[in-house]
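Chain nomenclature is as follows: A, B, C, D, E and F, assigned in order of appearance, with residue numbering initiated at 1 for each chain independently.
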Amino acid sequence: MKGGVFYGKGIRELKDEEPDLYTLAESLSNVCYDGQVLDYKTQKLIAIGIEASKSDARAIKQQMISTMQELGATKEEIMDVLRVVLITSGMPAFNKAVKILNSI
Amino acid sequence: MKGGVFYGKGIRELKDEEPDLYTLAESLSNVCYDGQVLDYKTQKLIAIGIEASKSDARAIKQQMISTMQELGATKEEIMDVLRVVLITSGMPAFNKAVKILNSI
Amino acid sequence: MKGGVFYGKGIRELKDEEPDLYTLAESLSNVCYDGQVLDYKTQKLIAIGIEASKSDARAIKQQMISTMQELGATKEEIMDVLRVVLITSGMPAFNKAVKILNSI
Amino acid sequence: MKGGVFYGKGIRELKDEEPDLYTLAESLSNVCYDGQVLDYKTQKLIAIGIEASKSDARAIKQQMISTMQELGATKEEIMDVLRVVLITSGMPAFNKAVKILNSI
Amino acid sequence: MKGGVFYGKGIRELKDEEPDLYTLAESLSNVCYDGQVLDYKTQKLIAIGIEASKSDARAIKQQMISTMQELGATKEEIMDVLRVVLITSGMPAFNKAVKILNSI
Amino acid sequence: MKGGVFYGKGIRELKDEEPDLYTLAESLSNVCYDGQVLDYKTQKLIAIGIEASKSDARAIKQQMISTMQELGATKEEIMDVLRVVLITSGMPAFNKAVKILNSI
């Protein structure tokens, strides 16, 4: 999300009950994804790489889907991100992320 | 490294004593950083994001230096990577990576 | 658990087959949660923060439920723990834990 | 920090060069450490637990020092936090944090 | 797998679409599990310990099943691996892995 | 350590000030490293693999030294452990551990 709707259900649920945290989440998203020289899509691909390295299935899937839907990232681009996951974080994290990518 | 010299001292030291592992490290580097659609520099920026999320000081510094020296990445590009680290991995990991970037 | 029943199914299953490990798990729980100055509830809130930072869904849920049921921790107290998770560990870990908290 | 000076050198260095990120870091600190029911000191103790679980020496030390200096946390309170680190994250993380605490 | 079929579905799916990555995965498996002095089973037990420390349920289960089926590892041997997980990585990771082991 | 002296300075320092934690650390060490079927040396090699995957330099070095000194583990055996680290956890963790091993 950046100027849109949060993909994370937990964050969306904060809107009414914890408005200060919701506003902070919006600031985080707006400032962090407002690269000075890198474009938004490249930053989102970096986020996919980081999430895949952490092996958190749901977060990986959300990052992949939002980057494909919002920004037109292709499966080939994401697979190139996962190549970096393989060398930096090992085969189980890579295997998991490939399986998630293929399931989308 | 890709078709060059490994920045990691541990890997370089394998060349004589464990040649099968050294050859494997070369294959890993050559295949993983041979993106089909993303260029090498974008992949190295992703690697910086992943290493920064893991808070391993030496690996962060090596990735940053090799990406700046080999591929002309600028401090501004790397700071945009670290913006993604802030939102995905929190302030201590971000703080550490910013400090390393500023020290280079 | 402290002087009670383990919430973790894996630990409970050790009781008959690996009694030395079960006894060790009891000692771990009894000694670690026997703070000299902090009370048990504060220590359990710290455990929730640590588990949430690791993004392990089942462990997060178990820690939250046991702290709410055994010690009367409120949703508001746990949300304050998760605020610390947001700043120290980033938005995906925070989002996941908020969703789990809201589902209880 | 909350309404004060950041202990993290990386963050402080952003003030002039990346003012949007510096302002975001201030918001993160102000909102996350503004618990609705838990007090600031309890939240900082939780942050120590989370950092200790991640085994990042410098971040652990900074959290410990700032909590002791700003909020008068005692060594005994922090040791009770580390008890939770032992049970949730194992002996190497615990050993490292105890050594850091003893060195302060 | 070593000279066999990959247990990871993600890797298997690469065979047709990303043959360079599939070949790399085979090299990784063949070289890394070709210990000079430790036998394959000991190395697989080490892999179980590492995966259990990371708390990734599916990867833990795959490593356990492949080590039991391919190499005749017993439940007792794997429990001895998990003892090391308890001391090095804490009770939640241990609890999770014990539960997975008991479910096989 | 098992029936000996702790290599971790943090643990040793607890002996006088926090005797309940020191006794617990002894129990952890005695029970976890008392494998029913695997011998102590194999368990220590597993601990090296787990520590290397976490990239904590000091803990890696301590585990390596204690396993070599107490149990006569060879550099070749530890390198076979690190092969498993490469496939499960990626090249930066592997590189770091190899460098530490070579420095001993």
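The criterion applied here is as follows: a contact is a pair of C-beta atoms (placed from the backbone, for glycine too) under 8 Å apart; a residue touches a chain by one contact, two chains touch by 3 or more.
Nothing here was measured: the structure is a model prediction, and the numbers come from that model.
In terms of the stated touch criterion, the partners common to chain B and chain D are A, C, E, F, listed by label. Common partners of chain A and chain C, by the touch rule above, are B, D, E, F. The geometric centre of chain D is 35 Å away from that of chain E, both derived from CA atoms.
Chain A and chain D have Cα centroids separated by 26 Å. Our note on geometry: chain A versus chain B, Cα centroid distance of 20 Å, whole angstroms. In chain E, the positions touching at least two other chains are 21, 24, 28-29, 31-32, 34, 51, 54, 79, 83, 86-89, 91-93. On the side of chain B, the complex with chain D involves touching residues 55, 79, 83, 86, 91-100, 102. Interface of chain A with chain F (complex): residues 86-93. Here chain B touches chain E in the complex through residues 20-21, 23-24, 27-28, 31-32, 34, going by the rule given at the top.
Of all the residues in chain E, the ones that touch chain F in their complex are 28-29, 31-38, 42-43, 45-47, 49-51, 53-54, 74, 76-77, 79-81, 83-89.
Considering their complex, residues 8-11, 13-14, 18, 21, 24-25, 28-29, 51, 54, 56, 58-59 of chain C touch chain E.
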